[in-house]
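Shared between the two complexes below is chain A, which has chain B as its partner in the first and chain C in the second.
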Partner chain A sequence: MDFGPFLLLALMEGLVTAAVLALTASGLSLVFGIMRVVNVAHGAFFMLGAVLAWFVSQWVPGPPALSFAVALVLCPLIVGAIAAAADTAVLKRLNYEPEATIVATIGLLYILEQAALSFFGPDARPVPAPLNFRIQLPWFGYSGYKLAVVAAAALVLLAVWLILRHTRAGLIMRATQIDRDTARAFGINVDRVYAGVFAMGAGLAAIAAVLIVPIQQAHYLMGGDPLLLSFIVVIIGGLGSLRGTLVAALVIGLSDGVISTFFAPTLAKIVATLAVALILVLRPQGLFGKRAA
Partner chain B sequence: MKLDRALLLHLGLLAALLAFHFAAPAYHHTNIARIMVLAIYAMGYNIAFGYTGLLSLGHALFFGAGLYAAGLLAYHAEGTAGTGLIAGLAAGGLVAFALGLFALRTAGVAFMIVTLMFAQAGYLTVLYFGSYTRGDEGIVIPRAGRMLGSLDLSDDNTRYLVAFALFAAALLVNLWLARSPRGRIMVAMRENEERSRMLGYNPFTVKLAALTISGLYSGLSGAAYALMFGYAGASLASVQYSILPLLYVLLGGAGTVIGPFLGALLMFYLIDYASSVTDAHQFVTGAALVLLILFAPKGILGTLRERGLRWLP
Partner chain C sequence: MTGRPFTTTPTRRTILKGMAGAGALAAVPRFVQAQSSEPIRIGFQLHRTGIGASYGRWYERTASAALKVLNEGGGINGRPVEIVFEDDGTDPKRGAEVVEKLTTQSNCDLVMGTLFSHVVIGSAPRAGELKVPYLVCSEGHHVASGMLNRWTLQPGITDVKSQVQGMAPFVSSNLGKKVTMIFPDFAFGHDHRDFFTAAMAAQGGEVIQQIAIPPTETSFTRYFPQIPSETEVIYHVMVGPAVLTFVKELGEFYGSGDRPQLFGFIDSLEAVDINSPGLEFLDGSHFWEGHPRYKQADASEHETFYRAAVGVDDNGASVSDPADIATYAHMFSTWETLFVIKHAMEAAGYTGPADRQKIVEAIEAMTDFAEGQAHPQGPKVFNGKTHQAFGLQSITKVEGGKLVRVHQTSMEDGFYPDEVDYTTMSF
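And then the complex of A and B:
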């Protein structure tokens, strides 16, 4: 293959990565933005979504498209419910004290991974793709499903944006983000908002996982990379800034696709991690984030 | 150092560990040797986290630096245990100092993420240079590399006694540090950084010094771990090994000298016991973290200190 088509292929792969990453990272960013909680268990919620999708594909008879649709609805709900329960049972009792919540979510990560290992097993298992067609370009054929993933991710992100900007629930979330005491004084049940936001963040990770699992297979340790990359994206985009998260996801996803195709994937990750650590040191508010008051 | 009850308690612990050497069944003998080495690591972590209030999620970087300094020297350069321990100590301290120069410009959550990121980059670097480090598979250190003078560290008895000597030195230095004026300044940084700055102490240098000492401990522990158990693998530099000392310190009691050892001892046997009953030992780690942070954030000794044993250093 010539360089041009090869680059196009790398960019398309990068676009798929970017789409899924944007979904996962927006969940992390939402939770940080509104609750000021750094959720280390976010990768575990992602993994849980993929693993549950496999269970659904086993239980629901009929064509793959049907079970996939069921998974796409059911998995985020289950994962969201687990997250809401964890929020109420643990994080709320810690008063969302930043360092304590990080330790607690590390604990949660271990518990969820162990649960997946015990009930799902150590093997990677495939989930069939709901649609099976190839788009024939002049130089190579490309999986239609992957392009569908990009479209679906864009739709979900659009929905999140609409909810945040144009619904009452979104207004309440933004009010809580800006000043939770005043919000409480206006009769907003902040505890419920927090549980809801934590569930929504986890649910977004689960949707991303359900979308990617036909391409990637479900595995109980698959949460590590999305967590690391989401951290990178959220930090570069500015902690808590949703628009910054989207831009950063595109940049990181595309460059990851290109560097992984032309160089070694490990090298790409080393460079990205170091870059991020340095960004945090030199510009703690991220590239797009507003300077903290 | 005046001979008071605090010093007596620590000397008593050391005497008990030495006596254990002659009385212990072989299985527990090896376990305790391993726990003592890990406790050095946890003590180092405690100096940064417990005393100075620096919650790092990247100490595996320092542990790994010591581990690979000793391991690679022995494997590729025919180094011996003596040079390995010194190299590990130096590597841990140097890496911690260099990281501190960057990471200490941040605080709180940003510090946690920065340390986590650097440690992850370190772990990936180990994998990237797989032709030297053999990555996940790890390197098995040849017997010649595990000789400390005429002492053979692969021998069970020697290993226990050398681990004991290192542990005793680390514990006494820790005790001295905790009771020295410098230790008090570190605690002052943890309690109220702005007020300490107003009193004329430079938070950056105090924290950098604490982190470097912490790195020296971690590096020494990593080198000792590699040399005594003959193995250096990437999993020992992974994020799990950043969480372990945090867990030990939280359980035993942050900001206490014996706490890290107590935490390492209890956690090691808890996981050991759990593995014999079920496969789900990760669950024990996770549940312990959540329960500790919820119900006993000060750990065992920290709680005891609040309930009357105010003299515990």
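And then the complex of A and C:
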């Protein structure tokens, strides 16, 4: 294949990775930014979204587009509810101590994975794509649905940004992020904010999973890669900075696409991990993070 | 004389005691008898979870069906047979632990059933140390290559080297000379890479590109640009949970444009419906199948019996769920291996774990297996020196949503010079 089309394919693949990664990582970043919780179970919430999407596709009759639309609404809500329950039942009782929450979310990760193994089984199961058209370029064909994923992810991210910037809920979240105690002094129910943020973070992962599952199939171990890449993105972008997360997702996603297409996917992961190491050494607060006082 | 009056009315307590005593007495003869009719326990290292899970599901069903037939026919040496299934997570480290657990804790007489080559390679040394027969259903060349040990045998399925050697003449004379190979990046895929490349060269063809993909990969489009444009045939063999994604993305990549001929090992589509949406482009392409998934017009009575016993319909799906597609091309190996065990134990006059070595020697003495209820896939030749079976391979073509056999190899197509003589090794 010539260089031009080769690069085009690499960029398209990278864009899909970047879009899904941006959604997943923004959930992780939100939780860390506002709650200071390193959520190791984030990948499990991602997996849960995909697995639930499969169940929805089995239960909802009619065309795949309908069941997909139902999954896109229902799965993030269910996953969010589970996350909120986990926050209230576990994390809150640990007073959000960093070490304790890491261990607790590792436990949560195992519980969710084993639950999926028990109820969903060990097999990868396909979920039909809502739209089945292929774009035939002169050099290669490409799935139209993958491009739709990019557009959908951009819309969801825009919505998240609007919520954070221009709604009262967003204002309360930002206030809690800046100073939890002062926010409480102003009558903000911090417990409820935390539960909501944890649910929203998990919900974002679930949306990303519902979008990706027609491409990748649902599998109980599928949360590992998104978790690793999300951590990479969040660390490079700056912990808690949504803008940094988006920029880093774009950089990591596109470089992943280009490097893995031109060289090897393993090399792409090596480069990404190396980038994290360099960032931690040279600029520990991340590209857009604020230096801790 | 005063004493306690003798009473004939038993109390509730004495009745309970009596019942317990009688129960114990009744149990004794059964235990004594057990020395001769205690069940034979066969340990089954099963890929119930992990990347081999779909194979595991069907290996368990096939082995259980074979066990039922075996026990209905009188078991082994008149003794009933049990199978102890143990999940290895398709993980080599866990695999070695499972071999140990089955042998030392579950007291199994031998261990069988493993498919994935990295698990076999990880587990076989432990079987050798424990001196327990380890009968794999793996296809890998690692048994016949001499890499493993005297306790490891593969009597139920042909190895990859033999399979691809039988495929190369068909590929080079019918599909094309310039081949790009796509294979999973672990031992099994490396067998394909090495032996098919050599076999193609022997036919005057050439493998112009080798694309290795990790078996845990979930996205494949990024590998396809490496396929050179002068490729005439794409040879694909993938494993793992994402095989459907692999084939779908291959279809998307070529779309409606010109594409090379496709020759795949059915591994790329095991447990996947070939009529899944997005796979229309496979129409007219060819597959290797160890055992054709769709019942062929000339199917033998044994094939029909086997299908019914395992619960597979004529399209290769579970009779209870048409969406549950079998790993049909591979799972016959567990059935056939179980019957090889029966014949070996009977030939060896097996009585207990002290006779384990006799099982290995009895299998090494075998030379061929006739097609029949015990060998529904077809006749086999067994090489006792290399511990490897040889059989007939099928090439099928996708026609009208079914896989129809267009070629069957001869036994000789798969032979190659011995690379090891395990019988000269010590136990």
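Note that the second predicted complex is superposed on the first by the 289 of 293 C-alpha atoms of A that agree within 3 Å, B and C clash if a C-alpha of one lies under 4 Å from a C-alpha of the other, contacts with A are read in each partner's own complex, and residues count from 1 in each chain.
The working rule: a residue touches a chain if its C-beta (ideal position, glycine included) is under 8 Å from a C-beta of that chain, and two chains touch if they have at least 3 such contacts.
Everything numeric in this text was worked out from a predicted model, so none of it was measured.
A.B. asks: Return the chain, chain B or chain C, that is in touch with more residues of chain A.
C.D. replies: Between chain B and chain C, B touches the greater number of residues in chain A.
A.B. asks: When the two structures are overlaid on chain A, which partner does A:Thr266 contact: first (chain B), second (chain C), both, or neither?
C.D. replies: In the superposition, A:Thr266 contacts both chain B and chain C.
A.B. asks: Regarding the shared-chain residue A:Leu117, is it in contact with chain B (first), chain C (second), both, or neither?
C.D. replies: both
A.B. asks: Identify the partner contact of A:Arg134: answer first if only chain B is touched, second if only chain C is, both if each is, neither if none is.
C.D. replies: Second partner only.
A.B. asks: For A:Tyr142, using the defined touch cut-off, is the partner it touches chain B, chain C, both, or neither? Pick first, second, both or neither.
C.D. replies: In the superposition, A:Tyr142 contacts chain C only.
A.B. asks: Does the superposition put A:Ile215 against chain B (first), chain C (second), both, or neither?
C.D. replies: second
A.B. asks: Quick one: classify A:Pro63 as touching chain B (first), chain C (second), both or neither.
C.D. replies: neither
A.B. asks: Would you tell me the residues on chain A in contact with chain B in one complex that are also in contact with chain C in the other?
C.D. replies: Dual-contact residues (chain A): 117, 266.
A.B. asks: What residues of chain C sit close enough to touch chain A in their complex?
C.D. replies: Touch list, chain C to chain A: 48-50, 53-54, 56-57, 214, 217-219, 221-225, 227, 229, 241-242, 244-245, 249, 252-257, 271, 276-278.
A.B. asks: For a test of understanding, state which residues of chain A touch chain C in their complex under the given definition.
C.D. replies: Those residues of chain A that touch chain C are 1, 5-6, 9-10, 13, 117, 121-124, 126, 128, 132, 134, 136, 140-143, 215-217, 219, 222, 225, 257, 260-261, 265-266.
A.B. asks: Which part of chain A faces chain B closely enough to touch in the complex?
C.D. replies: 38, 90, 93-94, 98-100, 102-104, 106-115, 117-118, 228, 231-232, 235, 264, 266-267, 269-270, 273-274, 276-278, 280-282, 284
A.B. asks: Which of the residues in chain B end up touching chain A in this complex?
C.D. replies: Residues 55, 57, 102-103, 105-106, 108-110, 112-114, 116-118, 120-121, 124-125, 127-128, 243, 246, 250, 279-280, 282-283, 285-290, 293-294, 297.
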